[in-house]
Structures are given as structure tokens and as C-alpha cells.
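A, B, C and D are the chain letters, set down in written order, and residue numbers restart from 1 in every chain.
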Amino acid sequence: MDLRVNLLGYTLDNPVIPASGTFGFGYEFAEFYDINCLGSISLKGTTLEPRYGNPLPRIAECPSGLLNSIGLQNPGAQKVVAEELAKLGRVYGKKVIANVGGSAIDDYVQTASEFNNADSVFAIELNISCPNVKHGGMAFGTDPKVAAELVREVKKASTKPVMVKLSPNVTDITELAKAVEGAGADAVSLINTLVGMRIDLRTAKPILSAVSGGYSGPGVFPVALRMVYQVKKAVGIPVVGMGGIMTAYDVIEMMYAGAAAVMVGTANLVNPYACRDIIASLPRVMEELNISSLKEIIGRAHNG
Amino acid sequence: MDLRVNLLGYTLDNPVIPASGTFGFGYEFAEFYDINCLGSISLKGTTLEPRYGNPLPRIAECPSGLLNSIGLQNPGAQKVVAEELAKLGRVYGKKVIANVGGSAIDDYVQTASEFNNADSVFAIELNISCPNVKHGGMAFGTDPKVAAELVREVKKASTKPVMVKLSPNVTDITELAKAVEGAGADAVSLINTLVGMRIDLRTAKPILSAVSGGYSGPGVFPVALRMVYQVKKAVGIPVVGMGGIMTAYDVIEMMYAGAAAVMVGTANLVNPYACRDIIASLPRVMEELNISSLKEIIGRAHNG
Amino acid sequence: MKLTTLEVISNRQLNPRTYELILSGDIPPVKSGQFADLAVKGWFLKRPFSIADCEGGRITVLYKAIGGGTREMAGWKKGDTTDALVCIGEGFDTSACLKPLLVGGGIGAAPLYLLAKEFNAMGITPDILLAFRDKEEAYYIDEFKALGNVYLSTDNGSLGYKGNALEALKYYNLEFDRYYACGPLPMLKAFAEYSRQGQLSLEARMGCGFGACMGCSIKTKGGPKRVCKEGPVFRADEVIF
Amino acid sequence: MKLTTLEVISNRQLNPRTYELILSGDIPPVKSGQFADLAVKGWFLKRPFSIADCEGGRITVLYKAIGGGTREMAGWKKGDTTDALVCIGEGFDTSACLKPLLVGGGIGAAPLYLLAKEFNAMGITPDILLAFRDKEEAYYIDEFKALGNVYLSTDNGSLGYKGNALEALKYYNLEFDRYYACGPLPMLKAFAEYSRQGQLSLEARMGCGFGACMGCSIKTKGGPKRVCKEGPVFRADEVIF
């Protein structure tokens, strides 16, 4: 059983990476289990300046997932590099992915640059798809020209490979994928959350203070899988797949669709052991499905 | 308790309408219960010529819904008017909505015109958002100019009010809603299905012969609700809300978001009594939530 | 057809992946070839299964654990309940058939058990050809022997003739005035090409199971027909593969 | 904090919408003010509830059926199980407090029961002010009377003083060196404005319940803090409303 996959020149022991924003800066999960089993970790979205984010309520439940409107709460890039990475380093020995957010090209460029000298970071994940920040993420994620421009600037400034995180809230996600590939992106990751909403039945008001928020969890899996399949067909760079993955079966399905590695988000929130459990059951599921090497199944659904 | 709502000049006893494609031409559900309890019925999507649709498999299960790629199987407009409406008329005494599909403007125009003399039809629902027909529905549903042009032509030819069914697979659904409103649409209905995909774990091939299909069911509810809320803000014409409604609570939430009436689709497939049960529990739920008239709660989440 | 709640009476493992499930409840009269659609907690759609037997308000389902839903079912215990649509579809047509041949491929043998019983009740002892991948996949052999003349084949020869069902039919030299086949699509297709004198029980992924969604419509010479409503049994000469 | 499976020992209705749920399992030591996050079948997120009591490997939850999840819980029976995170958050600080006043609004009285017990164990008989909407909403009055001096108020005067909690505090002329308040946000805000000498137990919609998602972060003078991790109890003078 070979669970290893390669991503941006780095070999992961397995393809399972906790998704940004659902795993903090990682170390708090070390209370629950030895997180060294993880393929890598995508850190909480980081901006240049510290951010509190949106007022509460920030969470609304859905039949098969949840809405969040956190709004990129984080202590700011410098503190992340100086403090959070150090804390994580004490409990996690592998390299991680820094997730970068912003509301202007310059923000992104400067934030990404902050990680240039962080040895434990092997890639930047550029979040151009956060639905929860005004004048932010989303615009970059829906306009191919703006997205390409952003990627070009970040590529100039960053010494790390740059992976671009795409929004599903678009008519044609392949246009965005092709645009960022053309601008030099080294990989794409998808999907970020779908914009959704819930209303409080008792008050008739939107539950979230931000009115709408990002929908994630098993309810988005079919949409995520379709987009990963489409993007895999459209671009040559690696595709990291996510959206609703809850089990080892979902990991395999996402890899069949074209994912070179996967990210697991909401599952961590409903079960703190989710990533550990998924990784632990991968060998059994691979055996059941006659898979001996995960590398070999990437994009298999595209054959024939 | 007043459950009545008005839609396009017609008074519905209650706002619950089975959604197109999930209720056939209605009469088969009369085996299960007296369908005269329904507010109205949106008939199976009808095209000018008879269609078989896509090859099997056409259905794939999802964690909280299903994918379909039926591809508008129907006996053709003339047969629908001559035979299906007659059969339905024997078991249903109220007026219904004819759902019209096509792949060119002329198709739509001719199909809609077929219903001009059908007395039992009080409105046309123009499906410009079917993800399951090649060169079809979808293009009309993603380009505001094309959509507007289509609506103008159909309005010229049809003697019935025209409601336009919008696709959720777009970056900004309000653009489409405003375009069709500008072109004379009398109402909009949304959402149609989200494009999704599943892969068979045992064969590593897409489950659907059409590769991807339309995702519906409770998993799409948060997206549907958000879009209904947005569209209600953007246009002045009535909005009919649908997508994942399973319970009377969901009906209320959708009406709070702005729906003048609701359609219930996938719920009928997993429970043939779904619409009857939802209608039957509405008075109890209204009482619990202190609602005495459904008309009054339309769009309530927009206040304040 | 009817939506009802059924209770598990027993759930017995027959071989590494095949189970016999007995359910009781308010069950209308069953015709062989009809199926039941069983809800499985945690899964959105019901699962369709042929009704393999029906006696005294109980139905038997023979199922293979192949995916999430059936694996979950394998854990059902006496007293568990499932919401079900029962007695769906049109069954086999047994009229005007004196020399039936029942052909089951793998788990497809399930509906043939009730069919064989129906022939017994008409005073006919049917020939029954059961084809499996290998010996491990076989089940219900003795049960079928009690109802008819059983012929066996496996792909690897570990039980009966080595070959597929159609090859076995030729090898055993089986004659019939009508055959009744249920099994994988390639087998059904091969039989339909071999002889028009048959009835085929088809499978399809279903959205509703009662005719509402058109999810299971196949092409026939008489136009589109729904596996769940006009089927699951079709005449071999009407199906367009 | 710990993820574990708890078993329902009893689930008793206290008034039209309030229930007392007793759960047993492998429960670590509990501090008053901590909460448990209970999974409800059919609902995606766990539901947070204060731990109202803890004795002999059992915890008590007092809950009000207000929505889908809690209505479902009202149907739980002895022997049912729930996956739960238990002993979440930081509890009340009872140190250096000789004259505590416990203030509960509606279902917010729940965590005060265990808090009152803790004070009893320290040899202190606390004053306990319980404010309800009306008499029908009241519960656990006798239980609280066994632990402290109970003062009551209702919005409509059907029980105790007619008025809200803060008005009742003034009416009854209650004194304290620290108050401990749990209830609706407007009540907590009013108390925080009235006196800084208090601890507030806050509610927030939660994504995870263990510090991972930032779904429950409030603003405090010491920067953002999570209700589920640094809370749910905060000093009245640190919370920025």
C-alpha cells in the first residue's frame, strides 16, 4: 500500500491535508491526537494585519453542512510567522501550507512575502475566493483578469510555489483555473465555500450577522467533485481537491476526479479526529477497491 | 390561519407546488393521495418534439440529495396538451403551470404557444436552466442578453403569464433575474439544479452516462435560500422559491427569504406523500411561529 | 404498491458478501419479479431489491453487500425497522409457459426463487440455471433444488460447468419455451440476442422507484418504459440495449 | 475536554418546554460553567448545553425545546446514546468570593445549579435570583431552594416580583461581592453595565465547540476570545458587547 503523493516538489506521506480555517494553526489538534499522521496542514487564512473578522453569529447549521462567516479572523502575518508557526513546529515535524488572504493585490503580495523565510512552509495557498470579506477575496475569485494579475504579482514576490484557491461561485470555474495557470500559478485548490444563507425561524432574520456565508460540508461534495473533474481537464498544473470530504471513500472519489491531494475541512469541526480516522482507514479502503498506490489513481475517471 | 397566496393573478389555496420533473404530469400521484390539496402543480418539462432524454444511468445519490440527468424526457408538447392535461384534469381541479424547455428560441416560442388554449394552464414556466440538455437550456440561463431575447420572443407568442426559471450555476443570479424582468417576465422561479457529479468507486467512472448532472435535495437549500433572498432584493416581480425544501419549516424560511410561493421537488421522490405532509403540517408550524397569514410573511427577512 | 414500515425478523449471512433478510409488515400480495425499495438510515435514496420470497406477511430479500447502503444493511438486527415501498413494478409473466428455464447470474437469482415457487404451484418443476463468478459467490443452492432441476456454472469452474450462463445453457443442452433471466446487463444482452423467447429482469439506478422521475426509463420498441413501473421485467424482444 | 459516547439515564419533562436530561458515561471532572456538546441524530452540528449537575459519573443537562434539535432530544429515551464533547471551556471562577449572587434568566439558570453546589461545598449559601418570562417557564425552584436563598421574578408577575432580573435585584435589595449571571444577552449586557463585579456565561452559535473554527469569537478588552475555549464564562468587565 503506497499512500504517498507528490505536491509541488514535496512528498506527502498521504494525500490528506486539513483545509484552511478548520484546523486553526494546527497545534490545538495535538491535544486530540498525534498530528504527524497528516500529509500536511493548510494553515488558517492569514492577512497582513490582524483581523477580528465579522460580528457573531458567524455559524449557521445546514442539513448537510454549515455556513460560516468568520471573516478571516487571524493575528496577522508577522505574528503567524513568529508565534504560530513556532508553536506548530513543536508538535508537527512536516512542512505546511500558508493560506493567504487579502483585499488588495498589495496585501496579498506582502503577506505572501512574509512567509519567504519560513522554512516550515513549502507552499502558499492564495485564497482568492473568500466569500466572507467585503471588497476582498471574492472579486479576485470571479474575474479571470484580476485573478491573473494578482497571481503574477504574488509570483514575483514569493519564493515559494503558489497554489491558488478557487471559488465555486462562478459560471465557469475552468476560466479562472486557466487564467491563474497562465499567470504562473503552480497549482490550484478547490473548492472554497458556496455562498449560502439561513434565516432564523423564530426571528425571521438572517442567522448570520453578515447575512450570507460560506457553505461547506458533505452537502457541497457533488459540486466540488464536478469542479475538480472539470478543472483537471482544463489545466496541466496539479489540482488539490476539497469540499465535503468526510471519509476515505470520498478521498478516493476526489482523486479519481483528478485531485493530486485532498483537503478536509468541515469534517474536522464535527469530529476532531476526522483526518486521523480518514488516514487510518485509507489502507483498508484501498484494499477493498484494489488500489495499491494512490499516486496512480489521480484522474482515473478521465480515462476512457 | 390563512394559507392562501397569490401568484400571477391566480389565488393558490396554499403556496406548495410540486416542482417540474419530480411529479410527472401529476396524475400518477393521485394513486397515493388526493392531489387537490396542492396549491398548484408544475408539470414535467415539455419540449416541442418528444424526447427520450439521456441514456441510463440518469440518477446518482448524494449525501443529501441526488443528481439527475434525465434530459427532459417527455412526450412532446402536442401530446402533453392533448393527453396528459386531460388525464390530470380527471384527478385535479385546479390550474397548473406548464414547464417549457428547448434548445433554440424558436423551440421555446412554439412550445409555449401550444399551451395558449389550454384552460387548465395558468402560467408558463420557462426552463432556461436545465443542465442536462446539450446546446440547450443552460446557455439561455447563463447569458443575460440571450435570456432577455428569449423572454421577449416567448412573451410575444404566449397568452399566459411567463415565469422564468433561473439557473444557480452563475456568478451573479441577480443579473439574470434583472435581465428577464426587463424583458417582460412576469415572475421568476429558482433554483434549478446545481451541476454536480459522482464517480462510481468500483469502476472509477462517472456514474451518470452524461458525466455530470443536476444536484437537488436538502443539500442545496442554503444556496437556494441565498439566491431567493438576493433575487427578491433585485427585482419587483414575484419570486417562486425552491431547492431542497423538505418540511413546512423550510417553506416558511423560503417565504421569509422572499418567495411568493414555493416548489417542492426531490422531496416527492423520497416520500411520495411529501407535498401532502408539508401542507398538512403548515397550520401547526404557523401557529408555533405565530404566523396567521402566509401572504404577510413573504420577504420578511428583508425588513430591518 | 405501498409505502410502509417493515420490521427485521432475521438477517442471515449466506456467504462472504450475500445476506438473507426477512422482513415483516403489512405487505400486499406479491407477484414474482416485483421489488421492494428499502430506506437505509444515513442514505438519501432507498435501495431496490427483488422480493425473493413471500409467505405469511413476510418477505425475503437476498442481497449482496457491495456499497455503503448494503454494508449498512448487513448490520441490521432483529427488531430494526425500515421504511419501504413494497410490491413495486410488474412481475414475471408465467402465463402460457409449460417449460420454463430460470436463469440467474450472481445475486440475480434472487427473484427466481419466488418465480420457481409460482411454477411449482402451477404444477411445473422448472429448470433453474444458476451462474456465479465462483463457488464463494453461490447461495441458496439447496433451496433452489427443492423447487426445480438446478444446473450450475461458475466463471472459474469452482462449482458446476466452467463458463458463463449462456455457455452453460448450451453445455447442459437446456430447452425451454420461455426463459426468465435476471443478472448482469451483459448476460441479459447475450440472452436477448440468443433468443427472443424470454423475459428479462432489469436493474437501473432509481430516483423514486414509483414512476415519478423518469430516472429509470429504458428504450423499448414500444417507446420509453420505466424499470420501476412498467418493469423491472421486460420481454427480451422489446428491450433496446 | 473529551469526545465520548453518553447514555441517556432519564429525560424528564419539567414544564411545557423544559427537560432534565441525565446522561452517564466516561466523564472527566466537571467545573461549574463548563458545557457539553451533544450530537443529535439527523442534525449536522452538536448542540451545546451547560452542565447543570455532575455526580457519580453522571451529568445533568437542563434544556429547553426551542428548535429541531432540542425537539428531537425531547424524544430521547433511557438507553439512547449521544456522541458528545464533554467538559468544554473554562468554568466559573469561585475564588475569593464570599457573598456570591447567582442570577439566572430562563434556561440560563442551568449552570448555576452546579455552581451553587460548589459554593455549598465551600461552606457558602449563595443568594440565587431566578428570572423567568412567566410561571410556566419556571423549573428547579425547589432544587435551588435546597442550595441557597432563592429570589424569583417574572416578566408578568405570575411568580415572584414582576420585572426583569436587574429590576428584581434592586427590588430585593440583593448584595454581592461577585455576581454570576447566565441568561439572554440583553440581561447579561444590563448586568455588565450595572456592575463590573461579575462573571457572565455567554452563548454563541458554534461550529466546532473546541476552538478550531473561530465561529464563536467575541471581542474582549484582551482581544478576541472564543466562547467555547476561553469562555463560556467571561469577566463582566472584559466583554465588549
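The rule is simple: a contact is a pair of C-beta atoms (placed from the backbone, for glycine too) under 8 Å apart; a residue touches a chain by one contact, two chains touch by 3 or more.
Bear in mind that the values here come from a model prediction, so they are computed numbers and not experimental data.
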Both-way neighbours, i.e. chains that touch subunit D and touch subunit B: A
Of all other chains, the one whose Cα centre sits farthest from subunit A: C
Chain centre separation (subunit B, subunit C; CA means) in Å: 36
Length of the line joining the C-alpha centres of subunit C and subunit D, rounded to whole Å: 57
Rounded Å distance, subunit A centre to subunit B centre (Cα mean): 34
Contacts with 2+ other chains: residues of subunit B: 60, 62-65, 201-202, 249
For subunit C, residues that touch 2 or more chains besides their own: none
Overall pattern in which the protein chains touch one another (line/ring/star/complete/other): line
Interchain pairs in contact, sorted by label: A-B, A-D, B-C
Subunit A to subunit B touching residues, read off their complex: 60, 62-65, 67, 142, 169-171, 194-199, 201-202, 204-206, 211-212, 215, 218-223, 225-226, 229, 244, 246, 249, 252-253, 256-257, 289, 297, 300-301, 303-304
Residues on subunit A engaged by subunit D in the complex (per definition of touch): 21-24, 28-29, 31-32, 44, 52-53, 56-66, 68, 70, 73, 201-202, 207, 217, 268-273
Residues of subunit C touching subunit B in the complex: 1, 3, 43-46, 66-67, 204-208, 210-219, 224
